[in-house]
Amino acid sequence: MTAIPWLSILMGVSVLGALGVSFLKNDKLAKQATLGVSLLVLVLAVVMTVGFSPNGDRFQYAETYDWIPSFGVHYAVAVDGVALVLILLSAVLVPIVVLASWHDAEQGKRSVRTYFALLLVLEAMMIGVFAATDVFLFYVFFEAMLIPMYFMIGSYGGAQRSYAAVKFLLYSLFGGLLMLVAVIALYNVADKNSFLFPDLIGAVTDPTTQKWLFLGFFVAFAIKAPLWPVHTWLPDAAAQAPAGAAVLLVGVLDKVGTYGMLRFCLELFPDAAKWATPVVIALSVIGIVYGAIVAIGQTDIKRLIAYTSISHFGFITMGVFAMTTTAASGATLYMVNHGFSTGVLFLVAGFLIYRRGSQFIADYGGVQKVAPLLAGAFLIAGLSGLSLPGLSTFVSEFMVLLGTFERYAVPAIIGTTGVILAAIYILWMYQRTMNGPTAESVAEMKDLNGRERWVVAPLIALIVVLGFFPKPLLDVINPAVKESLVNVKVTDPAPVVAVKEGQ
Amino acid sequence: MTTHYLVLSALLFAIGGIGVLVRRNAIVVFMCVELMLNACNLAFVTFARQNGNVDGQVIAFFVMIVAAAEVVIGLAIIVTIFRTRRSASVDDASLLKY
Amino acid sequence: MGETITFWVLAVVSVSAALGLVFSRKAVYCALMLGVVMLSLAVLYAVQDAPFLAAVQIIVYTGAVMMLFLFVLMLVGVDSSDSLVETIRGQRFWAIVAGLAFAALVALGIGNVVFAPATGLGAVNAAGNVPSLAELIFTRYVFAFEVTSALLITAALGAMVLAHRERLEQRATQRELSRERFVKYGEEGIDPSPLPGPGTYARANAIDMPALLPDGKISKLSVNRYIARYEAEEGTIDPKVAEILEGEDK
Amino acid sequence: MEPAEILSHAGGGAISLAWLMIVLPLAGAAILLIGGRATNKWGHLLGVLMSVGAFVVAALVFLQLIGLDPAQRRQSVNLYEFIPGVANIGLLIDPLSISFCLLITFVGSLIHVYSIGYMSHDPDRRRFFAYLNLFVAAMLLLVLADNYVALFIGWEGVGLASYLLIGFWQYKPSAAVAAKKAFVVNRVGDFGLLVAMFLIFAQFGTLSYAEVFPNAAQASQGVQTAIGLLLLLGACGKSAQLPLQSWLLDAMEGPTPVSALIHAATMVTAGVYLVVRSGAAFFPEGSTAGLVVTIVGVATLLAGAIIGTAKDDIKKGLAGSTMSQIGYMMLAAGIGPAGYAFAIAHLITHGFFKADLFLGAGSVMHAMNDEVDMRRYGGLRKLLPITFVTFFIGYLAIIGFPLLSGYFTKDGIIESVMHHNAILGWLAVLGAGITGFYMTRMVVMTFFGPKRWDEKAHPHESPAVMTWPLIILSVFSVGLGAYLILSNRLLVFLAPAVGQPAELPVFHPFSVPGLTTLALVAVGAGIAIAKYGRSEVPVVQPRGSFLTVFARRDLYGDALNEALFMRPGQWLTRLAVFFDNRGIDGVVNGLAAGVGGSSGRLRKIQTGYVRSYALSIFVGAAVLAGAWFVVGTL
């Protein structure tokens, strides 16, 4: 099994698919081909996941080839549990996004098949960024990922698309450059003539150096995640991006930030991470509450969803930096669940906006009456956004808060108020768009059609199933997270009262 | 003696430079550029004698060739511009700005 | 001693000519001033043991390059003179300041350096200046030399391309030209036949000799007005020509 | 006596199939929601069937349980691992949970049946039944859970069902707002419950009852109290206790069967369940947390009763009454093992008679074209005989008319509280008196006196499918109290789950508090008859005195919330949005604009004049020469 280069195959299929699609003459055929390729990737990813043994080696499916030998740069890919579930997330989301974006690219003058080819390129990049175990390779994917997304926002987005695309790019590049400096410095400081992640663990011992390098990485990831106060690019980008791109942007791309914190910031610079923890936790808590409050005040559906994500990313970073097994596992699970949950929220909002042609909440009202399925899907998506128990997001949010409370009680309590605020922003939006008397402008609105049902149904099914039965994912995540925390050299705080065995 | 030649060269060079800066007729500007090149050549020749080898002269020789090529092209450009704009003033060709 | 005198004379000449180049309004004068500078420099080269360069300076610069300048000047208009009013604010002031500062600084710098007595080229030029140059050019500088030749060819081609004007429509055929001439004749009365050359059917073909038409009359078109007026003033004019001139003056 | 140890179920019998109780209605909800319009025809029947099925399972489990030795009556059934290392999904079958199960499934089934008739004209009846089934499933999970996480899932599940059902007629803005309000206020309570769970986990490293309860005493006093108070916050949210009571009155926007099932009989009592369930561990007798519970209970029972006196909307009147009665339960639950049995007994009998009253009110509304204003009723007893009789039985039960259910259970609470704390006891007696007033007022205004409705209404008795549940409920309202309280049947039954007091209470029919209660109730009823029965009731609401308005406006609870939370919240939201756009984004965009602006000015240097560029080059050369000179001379 290990002899098959699964990860390269996954990326290769996507890239070749993208090439093929871009050469097709017929737009319809291009869409179908894209869907086919993305489904193939999904099947391959699932097969790969089945072969993964959670309690085996930490990194599996490893491939290592020299790339630039004189600098110790490798093409090295491998997955641990955390990376695996995120790759799986990408592989699941892309076909759904393809199906959801069927007509999204047709409104402008831009080429339809380019859009779909870009989607596939993006998929390859996403897989690559999670799979890379060479820090330099990770950086390359980290930056290269911006390119397809830039074009998807800038060419196929809403009215303010170029502003949003440029803002997104500049923000990300700024962080990326800081990270590049840190990457190079890391290479020099470690002096191992290797960019391989396992070689670099524990290589930096000087506390001051650690702090500077940590900051370089952390700022890049904080912008990517995005963490308060470097979040303002997200609402613009997400609101202007076509719904499908917004899903991938918020659902997967931003996860690279939190994933990077867990993988690189914590493991490469454990002491600096501990040093920075109070600040990061504080920023996360501010992000949770602040994002939620600003979300309440939004008038634009997509911006609102974007702000809810800022709040959720606060939870994830808090979980990562709480450095307890429960919190870190919860944060990882949160990354996956948030991808599904926000994904379906953005997609359903996209369907809604596509029908009415407006992003403003005030332009809707009483949609439930004319399009009950759409409203139902929107409600379930919203409920998963407010972490209703029984839906997958609850499990992760609960774990994050539970784990954080063990070490940082007060931030966890403040973060828990996000639960109340979440109810307000989601339900108020739902009430204003779906409830009440049917607005004239939506009276003719059509309910979900067959294609859209196929988009929504798998995601909702996943959210519900994972809400009641998160164990399969957690079984994959937990060992990886434990190993990470071993590298960080922290142990979970013990319960105050020792519960007797056998009870 | 070397010093004298070099100072002369510097003077000529500066005068050429001032000419380039103050004159507006493209052809005259060009002539001033030639003057500057010649001033350089004088320095090269002077140094050749100072150092006792002819490398300086070879360079001066190359400068002359390049200057000739440059004149050919430059004047052709001036003629083309003049043909389209009926003017040989360097200030008139100022579209490439901001 | 001879060199010193030559230097001082030529230095004064060349600097004055250079200043003249910068300050004369007419482009033709500028070209002449530049010629003076180049010739002075040629002499200075010769004085400094560079006879080959002196020759090249005269042949290439004063000969070819200056000719090119003059040709272009004629194309552009010989008598167009520059307006000396500066249009860019501060340009002239700063140009002069920068120029003087540059000259002063470089001169000061050079003046501060104490040069050893010049080695002189006597030894190198023992076999003659040209062979020693050739030896360097075709050995150490051969690559540069080859590149230079490529440069020259490129320059020639470039000049051709730049000076070439693309023909936008079909070249008119003889038939079309002829038709056009006759239309013009019908409308404006312009004679379709080509202008007669001076002195046709005349005893001599000098410029002052008007052409005769087949009927023996003078072709009005062939009368050179300048010369005719001059002759009229001198009183040496041919009466037939004078007749035509008077007819025109009225 | 301490509660019995929680045993792991060995398998076999109905207990190991207890999960069916939850899965049946859940499957019903799933089929009805996913099946869509195809299930319209038979959807309501499926809903009823699933609910009845759950009842059958509950009954079987109950039978198996009472067959066991009392010490064996707490059994947990592990279903599957939910969050590894944190919680499993498992069921705890013990007398407490099975009592709730029986109540929920039995009353729930009756209300399902009733709804067939009540919702028969609604095009979305199928959806209604789906939500009802969802509610039943969630509520059963809540009471059956063997750990706090599973409880919380049920807890939020019922919240969701409540949200969906309050907002069932979502096209009415008032219903949509009420639904949202209910959910948000409940979330405030959930905040408490969540933090309580975090604290428990941090203390004990587990959330399972079986591991937490026996060790609770080892935690420090402060921690115990903190956990207790946080749990109480959760209970207050769900059970509409002060200060989180405001959502319940608005929740009456939902269809009446919903009010009966969720906002009277079952869901709102979940808070009481939580307190009783955690009682032995975190609200032990005489603890601070327990004291706070009793204070909250008394405050709410009085507040609810006062609100009930001034409402003209029949459902809101009943809602006030519900608050008040749950206040009694809380009060009893707060005093420790002596009160648990009475709290649960009152909870059960209240479930029956309040459901009876609500459904009766629904029947009246059904007859009156959904009119809810009691001032437009009057003289309905002849036209709606069955409704009247059943409603009247419910009325007698709630005011504590001797020998009916409420008499035994409420009296039991008052007696036991008297022993515990006399002040609280007398306040509870006062509350009973007010109950007598407002319930009598309601009955008089609705069924007696001249008719005050306009010509368009044609009151008619409801169909059998609606009256039979009323009849059954009223039968239980009559006898259940006596059965549960006399010879301490319920107390002994519950003892393995919640413990029992050192000395068993003895029922005194003629104690001082009991007689006083009866007297006060009679006085209250008398005032009501005098005020509303003997004199004309104005059809239009009179302005009323300051006190009436105070009660009518829900004791200014909403006004308080608005002033304290909503307005500052809106202000904060606007400020935050402004800060985000102008502050944070303003800095970013300002930076961009600064760079753009200065480069815009800077580019003016590029004049396009070759000579300017040449000048700059030449100046540069001069500067270089100068630098060379300076460096050379150094």
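Lettered A, B, C and D in written order, each chain numbered from 1.
Note that in this section a contact is a pair of C-beta atoms (placed from the backbone, for glycine too) under 8 Å apart; a residue touches a chain by one contact, two chains touch by 3 or more.
Fair warning: this is a prediction, and the values are worked out from it, not measured in the lab.
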Greatest contact count: chains B-C
Max Cα-centre separation from subunit D goes to chain C
Separation of the C-alpha centres, subunit C versus subunit D, in whole Å, is 104
Per the C-alpha centroid definition, the whole-Å distance linking subunit A and subunit C comes out as 73
Expressed in whole Å, how far the mean CA point of subunit A lies from that of subunit D is 36
Note: subunit B sits from subunit A at a C-alpha centroid distance in Å of 63
Touching at least 2 other chains, the residues of subunit A are none
Among subunit D residues, those touching two or more other chains are 607, 609, 611, 615, 618, 621
Two or more other chains are touched by the subunit C residues 88, 91, 95, 98-99, 102, 106
Among line, ring, star, complete and other, the chain touch graph is other
Contacting chain pairs, sorted by label, are A-D, B-C, B-D, C-D
The subunit B residues in contact with subunit C across the complex are 1-8, 10-19, 21-25, 27-28, 30-32, 34-35, 38, 41-42, 45-46, 48-55, 57-58, 60-62, 64-73, 75-80, 82-83, 88, 91
Subunit D residues touching subunit C in their complex are 607, 609, 611-612, 615, 618-619, 621-622, 625-626, 628-629, 632-633
Within the complex, subunit D is touched by subunit C residues 88, 91, 94-95, 98-99, 101-102, 105-106, 108-109, 112
So, in the complex, the side of subunit C touching subunit B is made of residues 3-4, 7, 11, 14-15, 18-19, 21-22, 27, 30-31, 34, 37-38, 41, 44-45, 48-50, 52-53, 56-57, 60-61, 64-65, 68-69, 72-73, 75-76, 80, 82-83, 86-88, 91-92, 95-96, 98-100, 102-103, 106-107, 110-111, 113, 115, 118-121, 123-125, 129, 132-133, 136-137, 141, 144-145, 148, 151-152, 154-156, 158-159, 162-163, 165
Per the touch rule, the subunit A residues reaching subunit D in their complex are 167, 170, 229, 231-232, 290, 293-294, 296-298, 325-326, 366, 368-369, 373, 376, 383, 388-390, 394-395, 398-399, 401-402, 405-406, 409, 412-413, 416-417, 419-420, 422-424, 427-428, 431, 434-438, 468-471, 474-475, 478, 493-497, 499-500, 503
